[in-house]
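Below, chain A partners chain B and then partners chain C, in two separate complexes.
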Partner chain A sequence: MKVVPARPGRTGPPWWFMAPALLLFTFVVLIPSGRGVYYAFTDWDGLNPDFSFVGLGNFADMLRDADAKQAVWHTLLIAVSITVIQNGVGLVLALGVNTAIKSRNLLRVLLFAPAVVTPIVTAYLWRNLLGPDGAVNSLLGAVGLGDWRQDWLGNPDLALWAVVGVIVWQYAGYSMVIFLAGLQSVPQEIHEAAAIDGAGPVRRFWSVTRPLLAPAFTINLMLSIIGGIKLFDQVYALTGGGPGHATDTISTLIYKDAFTLGEFGYSIALAVVLTIIVAVASTGQYFFLSRNERAAS
Partner chain B sequence: MTRYRPRTLALELAMIAVALFVGFPVYVLVNLAVRPTSDTSSPLHPTTSPTLDNFTQAWQQGSLGGALANSVLVTVCSVVIVLAISSLAAYPLARITARWSRTTYLLVLLGLVLPFQLASLPLYQTMRDLGLLGTPWALVLFYAGLQVPFTVFLYVGFLRALPRDFEDAALIDGCTPLQGFRYVVLPMLKPITVTALVLNTVAVWNDFFTPLLYLSGSAQQTMPVAIAGFVGQYVTDWNLIFAALVISILPVLIVYFLLQRSIISGFAGGLKG
Partner chain C sequence: MNTRTPKALAAAVTAAALLAACSGGTKAASDGGGSKTLTLASVDQGSVEDVVKAFEKANPGVKVRYTTSGADQYQQQIRTQLSSGTAPDVMSVWPGNGNPAANYVLAKPGYLRDLSDQPWAAKMPDAIKSVAQYEGKTYNAVFGQNGIGAVYNEQAMAKAGLTPPDTWTKLLDFCRAAKAKGTPAFALGNQDNWVTQLVQYALVATSVYGPDRDFDQKMQAGQATFAKSPWTTALDKYLTMEKTGCFQKNPLGTNYEASQQLAATGKTLGIIQGNWVIALLKQKNPKGTFTLKALPATDDPADTLIPAAAGAGYGVNAKAKNEELALKFVNFVMSPQGMNVFNKKQGSLPTLPDTGYQVDPSLTELAKFIETNRTVPFMDQLWPNPKVQQTMLSGLQEIFSGQSTPKKLLAEMDADYKAGS
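Moving on, here comes the complex of A and B:
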């Protein structure tokens, strides 16, 4: 006679369903990352099988390396600027699109379009537009702002902000779409009730819309700050880290140190620093924002 | 929605102005791509004698056809693999509440924080030893593993909100666990699968750093690397470069405009995950 298990439904799916994903993840991410952390304490050049353990040597070098310190500063500056500007613009666009205007569906599709295009491609496009004879300067000349013409990417004081501008152009529509999804979850009745109670548009945004947008803020801030910290493609294509080192980020320095200078150990020590910054930023933001979300609900 | 008032019209015009501003680079892109090199007028002036020569030249000299085929191959293979293994893995991870299961899930989520620069350099060595360097399979293997944490995260979040009744019923009716997954669970995962499909496709298709590392020096290129190589080769011939950029953008935009509804809701879907 067959033995019928007491509660067949409670056995659940078998553990081995996890096996393929876990194996691949371990092989591609966990083991190489672990090895990476190990190499960060060596002077490996990437080719020579003989290398020695140098302890904290690479990290000590970093503290003396003006380029590395500058790259860390640029990375943080870019990440914070993108987070503030891109989400500010995205929120304004979302509020504008989420109204009675007739072109709202078309605008949503058009404004989001840059976000799906390959970043390296849009960056090459902008490299030309921002050049001394590029379309941006032509446009400034055409509208009578000829004095504002600049070598946007060649000027060390402006290049970093030009990079930030390109990223905001590309991803403001992405932030907008996330905010829109949040806005559409705000019931119209609450707005009407608040309006009847005498709340003006600003008051309604602050007291009704803003708290209900909390999840959208969490996702958007997370995406833009982590994307900003890891930034590589756009800098590589727009300026290559230049002029001089004016736009070098941690990621571009990792690439240069490993593949043009052959300093694998040092390069990977930079990657460890990048990991720590990402981890601190994302966990810090997670706890801060989830507390806010709870406070808002 | 509220009524259409004069203020709404003003807002409408303002928003259209913003859209034109956002679209301005695209105008310049197309305008210069159809312009013969001899024409050196302002990039703002509409090209007087448009030509398609730049496109044929860019297509042939940049071997963009091969790059396009490689990009499609790499994207399709790695996204299919990552969706299959991640949805399968997410099922027990979401349902088994034992401590080891929760610990494993946290370990997978650790992958969300690790930047791939950390893993990509040592992995470069492993790929070389396996003889995969310079082939698209190195990329397929890499992306299929790299995208696991994010994809599992999406699926687990979604599965935890789904009731267990249907899968329990399937098991009682004599389904094997794999059949239960295939015929009962997987169909219910459709909305989050669309999100995972869209986000993974865009991430893999657009990635530049990984193929730059693993394919450098080989004849096999993906679209982003082929474009970077093309720009490096034709440094100042911007009309030609712009034609290459248009060729690389066109397939992406066609797919985007055809499927814009699912794509946008796919991007926004991460919000509910």
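Moving on, here comes the complex of A and C:
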């Protein structure tokens, strides 16, 4: 594809192209969300028409709520580990299937396959596979690693990591595809030139591939960190936040506080905090990485 | 999740309800006026269908437009509909105060019509009345009740050569004998946190309410606490059962579904559950026979009580569009005919006497306990807020995984109880 340099003064398509989508977004997302935020400052129970304004009371409660603090910690732990592991695995897979190995097309399809399955289905599947008598333990027993068998989701020290494992299993292929697209846009000539200059495979990866992959890194890290922070369905289906609160994330807590306990005001306050965390993390990361991108290119 | 505010939800549900109302309107008009259409929302999936059919047959020309959903989804939906004025004429309502769509919760802001003037209201037994009423008025047509006990797999019991124990000492011996034979006594699916409470309730019934039937009144008056009551004894016994090997390994990694599988196929001798599990066990093993017995907690069988509680019933919308038909439906549910259809399908027992109901042989003991007034409501149904129960459920999981202690849990439950409604 031939790249036409943008003319000065015309940096993009006309703004009104966005108008219909923007209008829809405003009425379906922005306005209802904005009005919802109001309830974060009330003690509304989701039902009673009489409720009172409590100011910052809900936010103050949050600071005293051990469950909420724990949930924030779990959320950050999950987000960071998913971002690191999923992208690490995704990158290795992408490098692997970008070589000349014979079954690479089949492998690409297989590795990407879990990403197209609905998260809730994956979670229910793994909930059974990870059970005390599930396939994972049977497999470990069968290959002589009987001592490694665990109560994966019932042990509070392991449950969070089991959840991370399931998510990485599902989405590593997704990261892989994005990296693969990036890898394939790296011109072969540069590699050849570097090879002629005497660069080995590691050096070529570091000095040629890595900088050119920067846009892929930006998009992948951003997607996984946002996904990790607002994680709900997989956790809820796998463990329900348990045992106890061992795998509760901000999102599962929001759900429980609103729909099980009827504390809508408090739960909306939690949602506001989550929104702020996501916004800060993603914009911060975006600026950091796009600066790197510019530096790399 | 962050953008899903209740307002957005309300808007979406309202829009859907409006669409439904429009289509219903045109249809009703062609029927010759809206007076023959009743709207109904129910959680009784798999049984309300038959009741609706029988009701329509008994009232020619009447059309019931109904929706069914699971408990979680229903609770969200009905609250949104009530607060936006789009709720159906008749709706499922849980007894007491246990959950977000319970009797107290919905009656308090005035969303339910007073049903005290209906013919069946006065006939309800006291245990049911206590949870079907709010401030002395009846709001909930409770048609069925359920009990919690030990459900034994008869074939597995015969194979192991064991009989159901009727005292606490015999129970522990039974567990040891069962374990020695390689089939643990009871399946326990504590991964699903609502399951954790069942053994506890079965033990609390006898330990707490045996010596003191007025425990709830004392709690409400602030004269008693969980921590300083036999709740500690019951919790201790629960953990003794775990240590004695009464349950299969890894209860926290085992979900409700998996626990049914264990009990149905005889990998355990039974399961401590509500009577509703029997139908599910039969689905998994159609050749099996399952019987519910009381779970003992003392050494005198005469002490034993069963937690038996009213199941979800039906309330009438205070702003019902078709009140006459709504009352007719509720009265049909409470008639011998409606009650029998519901209870037969759900494997539960009717709440009113003299319905001519044929009790399933698996529930003879439960029926006997109900008849002789040896039952107590599920504990949470008289608690002031849903938080006490949620604290208990996750706390029990934490105790089973060594993250908490019985003392800490009961103190937390006391704190939540005192926080009030």
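We adopt the following convention: the second predicted complex is superposed on the first by the 274 of 297 C-alpha atoms of A that agree within 3 Å, B and C clash if a C-alpha of one lies under 4 Å from a C-alpha of the other, contacts with A are read in each partner's own complex, and residues count from 1 in each chain.
Convention: contacts are C-beta pairs under 8 Å (C-beta built on N, C-alpha and C of every residue); 3 or more make two chains touch, one makes a residue touch a chain.
In this text the structure is predicted, and so the values were computed from the model without any measurement.
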item: More chain A residues in contact [chain B versus chain C]; value: B
item: Chain B versus chain C as contact partner of A:Ala271, first or second or both or neither; value: both
item: Contacts of A:Phe217 with chain B and chain C, given as first, second, both or neither; value: neither
item: First, second, both or neither for A:Phe41, with chain B first and chain C second; value: neither
item: First (chain B), second (chain C), both or neither touched by A:Phe232; value: both
item: Chain B versus chain C as contact partner of A:Val97, first or second or both or neither; value: first
item: First, second, both or neither for A:Ile254, with chain B first and chain C second; value: both
item: Which superposed partner A:Phe25 touches (first chain B, second chain C, both, neither); value: first
item: Which of chain B and chain C A:Tyr171 touches, first, second, both or neither; value: neither
item: Touched partner set for A:Asn155, first chain B, second chain C, both or neither; value: second
item: Chain B and chain C footprints on chain A, overlapping residues; value: 28-29, 32-33, 35-37, 39, 46, 128, 133, 230, 232, 251, 254-255, 258-259, 264, 268, 271, 274-275, 278
item: Chain C contact footprint on chain A (complex, rising order); value: 28-29, 32-33, 35-37, 39, 44, 46-50, 127-128, 130-133, 151-156, 230, 232, 239-246, 251, 254-256, 258-262, 264, 268, 271, 274-275, 278
item: Residues of chain C that touch chain A when the two form their complex; value: 1-8, 11, 72, 75-76, 79-80, 82-83, 99-100, 105-106, 108-109, 111, 190-193, 249-255, 258, 385-387, 390, 394-395, 397-398, 400-404
item: Complex interface listing, chain A residues touching chain B; value: 8-15, 17-22, 24-25, 27-30, 32-33, 35-37, 39, 46, 93, 96-97, 99-103, 107-122, 124-126, 128-129, 133-135, 138-139, 142, 169, 173-174, 177-178, 180-182, 188, 215-216, 219, 230, 232-233, 236-237, 251, 254-255, 258-259, 264, 267-268, 271-272, 274-275, 278-279, 282-283
item: Complex interface listing, chain B residues touching chain A; value: 1-4, 8, 11-12, 14-16, 18-19, 22-25, 28-29, 32, 42-44, 85-86, 88-89, 91-93, 95-96, 101, 104, 107-108, 111-123, 125-126, 141-142, 144-146, 148-149, 152, 164, 167-169, 171-172, 177, 180-181, 202, 205-206, 208-209, 213, 223-224, 227-228, 231, 238, 241-242, 245, 248-249, 252-253, 256-257, 260, 263-264, 267-268, 270-271
